[in-house]
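Here come two complexes built around chain A, the first alongside chain B, the second alongside chain C.
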Partner chain A sequence: MSAEVLVFDILAVLAIISALGVILLRNPVHSAVSLVVTFVNLAGIFVMLRAEFLGVVQVIVYTGAILVLVLFVIMLVDPDELPEFHRGQPLQQAAGFIIGLMLLGELAAAILTRTVVGQPGPWTEDFVQQQGGNVQVLGQFLYSGYVLPIQAIAVILLVGTIGALVLARPDQPTVRPRTRSTGTISLAHPRGAEGEFHPPLPIGAGAAGRAARVERRGEMRGGIIVVTDAESYSDIPAWELEFAEPDVDQKTYAEDGFGIGREGDRS
Partner chain B sequence: MNELTAEHFLLLSGALFIIGMMGVLTRRNVLIIFMSVELMINAVNVAFVGFAWEQDSMIGQTFALFVIAVAAAESILGLGIIMALSRRIDSVDVADVTTLRD
Partner chain C sequence: MTDQPFWITFIVGFIVLNLLLVGMAYMTWLERKVLARMQGRFGPNRTGPWGLLQPIADGIKLIGKEDLVPKFADKRIFLIAPLITFVCAPLGGLVIPFGDTVTIFGQEINLFVTDMNVAVLYMLAVGSVGVYGIILGGYASANRYSLLGALRSAAQVVSYEIVLGLSLVGVFILSSSMSLVTIVNEQRRPLEFSLAGLDFSIPNWYIFSQPVAFAIFLIAAVAETNRAPFDLPEAETELISGFHTEYSGFRFSFYFLGEYISMIVISLLAASLFLGGIDGPIADGFWWLLLKMSIFLVFYIWLRATLPRFRYDQLMGIAWKVLLPLTLVNVLLTGLIRLRGNDQISMSAFLITFAAIIVVVAAAYLASSRKQEAHVG
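Right, the complex of A and B next:
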């Protein structure tokens, strides 16, 4: 037995065992993890078949994207709703297994008695290497003879994305109360303070404007100026302004480590 | 069989396809059915690449690439349908989907 056959046997047996785990395990999360094992083993099979790019795509697309999506959907679906494997319908299960075994026998017979017709193509291992490798040859194929299918795939993916958005949209759109705008932490927009609204200040020159600015400046907490909304935007950069002394204990925020301060930290 | 032949890969592909088909036929959880469909698609890919390897052709790999792209779009839509279903009938049991039966 050559080493190639040994590697193939290991990969194939692992793939089939984990594929059986997909349909036999009760917990859908275990099934999904089992499916990941199957796909990784199939990626190894692809690499054995001199389809290195497909192996990489298999890992990225299937185990990286699709299975993560499946796990998210399992997480979103209520686990109490998941039906048990052995509940009800033994007839259906027996019929499924019998039909499957029959079809497997047919497939095996067809595979083992087949005859190869047609002539092999030019893409032997050496020729592919001479052309630059698997990825280069596949790229030449995709962008010379298969340009139209590539663009059809682009349209299909776009339609799939839009369809997923439409399907996942809730029946009743969520209404959020818009009471408070998002808090921002900024070095350049010093007006305003956490939790209170400061109307935009007149940007005046001279002592009066300066006094007003000093009086109504945003809070400075541990070196970071906290601004609540877009209304308190100012064109004056922060480093040209003077700030009111914060009315909070600096030590509280120094212990915080970040100086940002949480709601309720104010003493 | 000391030499690696296409029969190895075709038998693996057939076994995976049948396992996926058994999953579709016997399970009632629509998520498991979805995963079984993915398994069947992968089995077909193995057959494509196996034939391409046997025939020294690149068309099989190209086709498998297209199959993977279509499977990605299909999985997005399938999972969207599963989520809409679980929201609508509060279940992922295929036996509970009786809208077209009654």
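Right, the complex of A and C next:
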């Protein structure tokens, strides 16, 4: 028995210390970790009270899902943009102090005035074991006598989820851009099969045609199309494009058809 | 189950934990060997016969390395995070039944550490706490890539834990228990049925009665242990090892140990839940469990050698759009058949409900596929 008391003391003290850490630590991630420690210790206490199911579900639901999501959000937010919890706002601090005192007083009153002790229910340890265990009894109880409340809770949660989705959804359904939004240099399909079709431009004559194409597709340098923005992608593979002959007097473009030519390179 | 003194439980737990650690060391050896053979190489073969001393050499090397902490790291969390993963990984092994009881020096000893009535949920809970090591390690490294790995891990684990848990509900319904000892014992009696005038007797392994749940469990287990093809939190090519980029020396090896131990533990769980655990054609015993576990482990390695990594949206799409609906339908149908088997509903009610479920599922499937087509076209 004394060993059990010792284990309980350790769990309880750790739970209280880490619960203090939740509110006293300045870094929100440290607070979240403290909360994890609190929950795990509470789960240990539940297990000691023969409520294994409650303890395990506490760990799965609170530490495994909810706090992971909380951490997820904290990590996404820039720490400099988080509100200051520990500084300024004297009114807020005073209000928190008073409300905390009121809660403490209520709890103390509830504990101190507890004169009527209820009769112990039928769910003694032996009776639960006889019924097949904690989980079985809990399941029987919840899904026979309390079916309606459980369904109602489920519906409320569903409505909450849908409501959150509706709130988070932008008013205008954004059309997903079909094209890639970054510029690339490509000799193959720069746009892929999904993009809209650009009919090939007529083979222009001389500088005017080339200028039109360059304007349409980005810059053309000696056979390589340098696409500078998403609008100037094309479906047509580069090898099917018909390029106009580079202007003879345009020394900027290399004549071998490959390589981005610069004046200095060819000398 | 016999009551036994506390110190015997303690010794059994000690042995199980140490066996897991040794098993983990030789799991790395096995992985390197099998992977090498699949890629036409030899693998480690210099240290000892067949390279059997390689894990020890690796351990010595890792201890000898410098323990670096990045300058801007969140130091306390950075130091604690690998330990969380490492400590939580073997805890799941404590509820695996390795056999019935043996009698040593007149003392009956259970070959499992403890038999909780929520053993399977306990394993899920321990696994979900172990993920904090990855999330916090990635956060504390003060490295963008590590943070991305941590975020991916958080989302992935939350999604796949639901799938993992729901895939087991069918087994719970069939065995009407969540205790692994009871589940294994349920599977050890033969399942007799007659088909076309012939009497058959097959083992009552849940892989036969819950094949869908088994497949989903396998997929989700791979994701849960961050193994290829679901190793997005530590993708080398995208995130330069993700959450453990900044870890070196023995702190890195804690992550490494944790990953391999959780692989072993989840293989033991899969073998116990779906393949009958210690049940075998002749001479039941832990050797059957080890054999089944090895099959799962080689399967893991095989996956890693074969499949390319998933894209992130594909990973989430599989969990929420494919696996989750499948598990729900599986739970519904299993529950319905169980009700019929217990004679709690009449045959006509069973058929009507069955048909209704099939119609609703088919309609939902058709509607979603048509919507997708509209999106594409």
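The rule is short, and it goes like this: the second predicted complex is superposed on the first by the 140 of 267 C-alpha atoms of A that agree within 3 Å, B and C clash if a C-alpha of one lies under 4 Å from a C-alpha of the other, contacts with A are read in each partner's own complex, and residues count from 1 in each chain.
Just so we're on the same page, a residue touches a chain if its C-beta (ideal position, glycine included) is under 8 Å from a C-beta of that chain, and two chains touch if they have at least 3 such contacts.
Just so it is clear, the structure is predicted and the values come from calculations on it, not from any experiment.
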| item | value |
| --- | --- |
| First, second, both or neither for A:V56, with chain B first and chain C second | second |
| Partner chain(s) touched by A:V68 [first = chain B, second = chain C, both, neither] | second |
| Which superposed partner A:L91 touches (first chain B, second chain C, both, neither) | neither |
| First, second, both or neither for A:L76, with chain B first and chain C second | both |
| Partner chain(s) touched by A:P149 [first = chain B, second = chain C, both, neither] | first |
| Chain A: partner with more touched residues, chain B or chain C | B |
| Partner chain(s) touched by A:G133 [first = chain B, second = chain C, both, neither] | second |
| Which superposed partner A:L35 touches (first chain B, second chain C, both, neither) | first |
| Which of chain B and chain C A:V22 touches, first, second, both or neither | first |
| Interface residues of chain A shared between complexes with chain B and chain C | 53, 57, 65, 69, 76, 134 |
| Touch list for chain B against partner chain A, complex | 1-4, 7-12, 14-23, 25-29, 31-32, 34-36, 38-39, 42, 45-46, 49-50, 52-59, 61-62, 64-66, 68-77, 79-84, 86-87, 90-93, 95 |
| Residue ranges of chain C in contact with chain A within the complex | 74, 76-77, 116-118, 121-122, 124-126, 128-129, 131-132, 135-136, 139, 147, 150-151, 154-155, 157-158, 161, 165, 176-179 |
| Sites on chain A touched by chain B in the complex | 1-2, 4-5, 8, 12, 15-16, 19-20, 22-23, 28, 31-32, 35, 38-39, 42, 45-46, 48-51, 53-54, 57-58, 61-62, 65-66, 69-70, 73-74, 76-78, 81-83, 85, 87-89, 92-93, 95-97, 99-101, 103-104, 107-108, 111-112, 116, 118, 120-124, 128, 134, 137-138, 141-142, 146, 149, 153, 156-157, 159-161, 163-164, 166-168, 170-171 |
| Residues on chain A engaged by chain C in the complex (per definition of touch) | 27, 29-30, 33, 36, 40, 43, 52-53, 56-57, 59-60, 63-65, 68-69, 71-72, 75-76, 133-136 |
